[in-house]
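Before anything else, here is the set of structures, which you'll find just below.
Both complexes below contain chain A, partnered by chain B and then by chain C.
Then we have the complex of A and B:
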């Protein structure tokens, strides 16, 4: 075909074709198989990066580049997220005005449980993330919810991740069609191209991990949430999972969703489930 | 088509219009972004897109092929500009700083693509050649105008 022809006719169907082609969800909607999906997902990365130790995938861009990894390991002696960790611990142990505390809202007093989030709540029929559960805890105890993209939330999740370091991601999908639908919806969101740049999450984190996008090295999608929340020098501060999703959407000129919108909860469910068996490494530090 | 589209229009927003440009890698406040960006209706965007592009494409076809030397300079500026082509995000290009590695180095372009229309087509919408490509459809999604693409092609031909 001559390039001129698609140029003239191109736009007529291009958008439709593009997203039909790049949306596996359309074809496979009736047979959701998370176990097979997770296996295929992990194998893809293990085969693409045979020299990366499986448990290292949870270190984002550092798993992809030896030089960077060395610099990071030096930095870990004085980790930049330390202040957030201290603040989070303090916040976590300070009672609410009603005398209760975060520990009352979570299994095991909230310690060492990060690997079980997000979970599917069968009463609500939706995915509940750790950030959401924390704000619900606050509201149930008469406190105002925190912003999902700011320091307080990052500090709390940093502390909860820290008490869970090394525990293996352990996300369950109950035998409930709504849970399967949430998983499938998250998967579809992840692979669907959107925005002016026409990227899907997978364009960057499945097709191109380890490549440089300008000066940044792209993290692999496998284990991409295990290190959350993260300190980023570019942000000169901490960022929650919500903040990272919103930022990835807006920096590629896609319309970000509200933090904790259903689709974001579902994509977190999908990404966490396919990382089952990989250790929690948060909080993380990034260049 | 409608049937397939409907469930997607919630999650998929090809929001080509009405968005202030967000420069890649620019520090942005998440809060601000959320406040100023109502979600677009995907269906409206898809329906409106084709007509405009066919018009644009025809207009470009009629334009004169002769280009001033200054177009090369202009093309380089557009290719390097983070708010425009931002080609350095993915390509090593002579004279540009901090290139990415997602695409191939852009060099010896004239020998590889002697026909400038081929280059126009790649920049306009590379998903035509390669549906899986990461390269954004600069023309189709109106990131660059026909004139801007043409200037960038002039620049590419000097590489």
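Then we have the complex of A and C:
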């Protein structure tokens, strides 16, 4: 019986050593680290496309294909989003019925602030997108909210993006577990397969950027929101970030969530954060 | 040849139940099962558009009295809904394999 005790103690101490050695690794793997995630995300695209200038990723498919890029540059002389831009500028400067305006709802009068959206609102404990902030501004001033997916909302965000063109995306994640959870939730949404096609956002925009899906060239995920809102020839009109998420879901045969659902807000937070340091290029134009 | 007639009769008898036309009760049972699975998928925030379409097609066929078609569409809807539930369940962990690290 005596030899059993040292054997048992030996086994226990071996198990303890193994636990101590492996547990930091497990904790590190599960820890939410947006800085490391953003670095890995950007490096992936920089290494996959070494000939693309970093600031060019925000131009989506045009950064992947020289012929398309030339066509787009010519189109930019008379851009298809110009009408929306003009309408947005007028809407933005027109006071509400109560005499106040959008400028009263935003820092710096709403000019040159696109790069700071979405942000994490510590009072609400949730991500607030620019589209959401615009509708909240309207409602706070007694106006009806706009549709999140097109027309007026696209025009307003087009104008606000235009006033931020060239400014670098600058999304903050406060030291708040709820903000980290929102980032992680957005990341999960981005990589999760859904719909009958069994596609995640990453299936197209991480695994296959630059490849064709039918007649279209897929945009890289890096900087994909910097160009929002966009005029899409396929839509024959403007579309917001919300519209982009909704249509992506439909294309995979998943029933889209309601615009500005928590998941969409969080995935916008994730995608915007990992694009920090890349310039705002919106409003954009896409085939 | 002597064996062929009884064999043929046996075959005919064994196939007969499956050839029976579907009735309203068959459809209602299948639709209820499909609807329950579909609701579960929606609760997981992973409803598929094709499930919704198949459910609508089943209802439309039943409203028109075509219970064969209604039953087939309801069964398809249930299979699609179950596939979406499986997807949502497996993706709870599987998404991590796709992550850029």
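Brief remarks on what is shown
As a convention for this text, the second predicted complex is superposed on the first by the 257 of 287 C-alpha atoms of A that agree within 3 Å, B and C clash if a C-alpha of one lies under 4 Å from a C-alpha of the other, contacts with A are read in each partner's own complex, and residues count from 1 in each chain.
Convention: a contact is a pair of C-beta atoms (placed from the backbone, for glycine too) under 8 Å apart; a residue touches a chain by one contact, two chains touch by 3 or more.
Keep in mind that what you see is a predicted model, and the values were worked out from it rather than measured.
Once the two complexes are laid over each other on the shared chain, residue contacts for A:272 go to neither chain B nor chain C. Within the superposed three-chain model, A:129 lies out of touch with both chain B and chain C [touch as defined at top]. Using the contact criterion defined above for the overlaid structures, shared-chain residue A:196 touches chain B and also reaches chain C. Contacts of A:235 after superposition: chain B is touched, whereas chain C is not reached. Contact with chain B, but none with chain C, is seen for A:185 once the two complexes are overlaid on the shared chain. Which of chain B and chain C touches more residues of chain A: that partner is B.
Applying the stated contact rule after C-alpha superposition, one finds that A:163 touches neither chain B nor chain C.
In the overlay built on the shared chain, the residue A:253 is in contact with chain B and with chain C. Touch criterion met: A:215 reaches chain B, while chain C stays clear of it. Legend: residue contacts after superposition of the two complexes on their common chain; A:243 is shown touching chain B, with no touch to chain C. Residues 188, 192-196, 198, 203, 250, 253-255, 257, 263 of chain A touch chain B in one complex and chain C in the other. Considering their complex, residues 42, 45-50, 52, 80, 83-84, 87-88, 91, 94-96, 98-101 of chain C touch chain A.
Against chain B, in their complex, chain A makes its touches with residues 2-4, 6-23, 26, 147, 149, 185, 188-189, 192-199, 203-204, 207-208, 211-216, 234-235, 242-243, 246-247, 250-259, 263. Residues of chain A touching chain C in their complex: 37, 40-41, 44, 187-188, 191-196, 198, 200, 202-203, 206, 250, 253-255, 257, 263.
Those residues of chain B whose C-beta lies close enough to touch chain A in the complex are 1, 4-5, 8, 10-16, 19, 21-22, 24-28, 30-31, 33-34, 37, 39-40, 45-46, 49-50, 52-54, 57-58, 61, 88-90, 98-102, 115, 117-118, 120-122, 124-125, 127-129, 131-132, 134, 136-137, 139-143.
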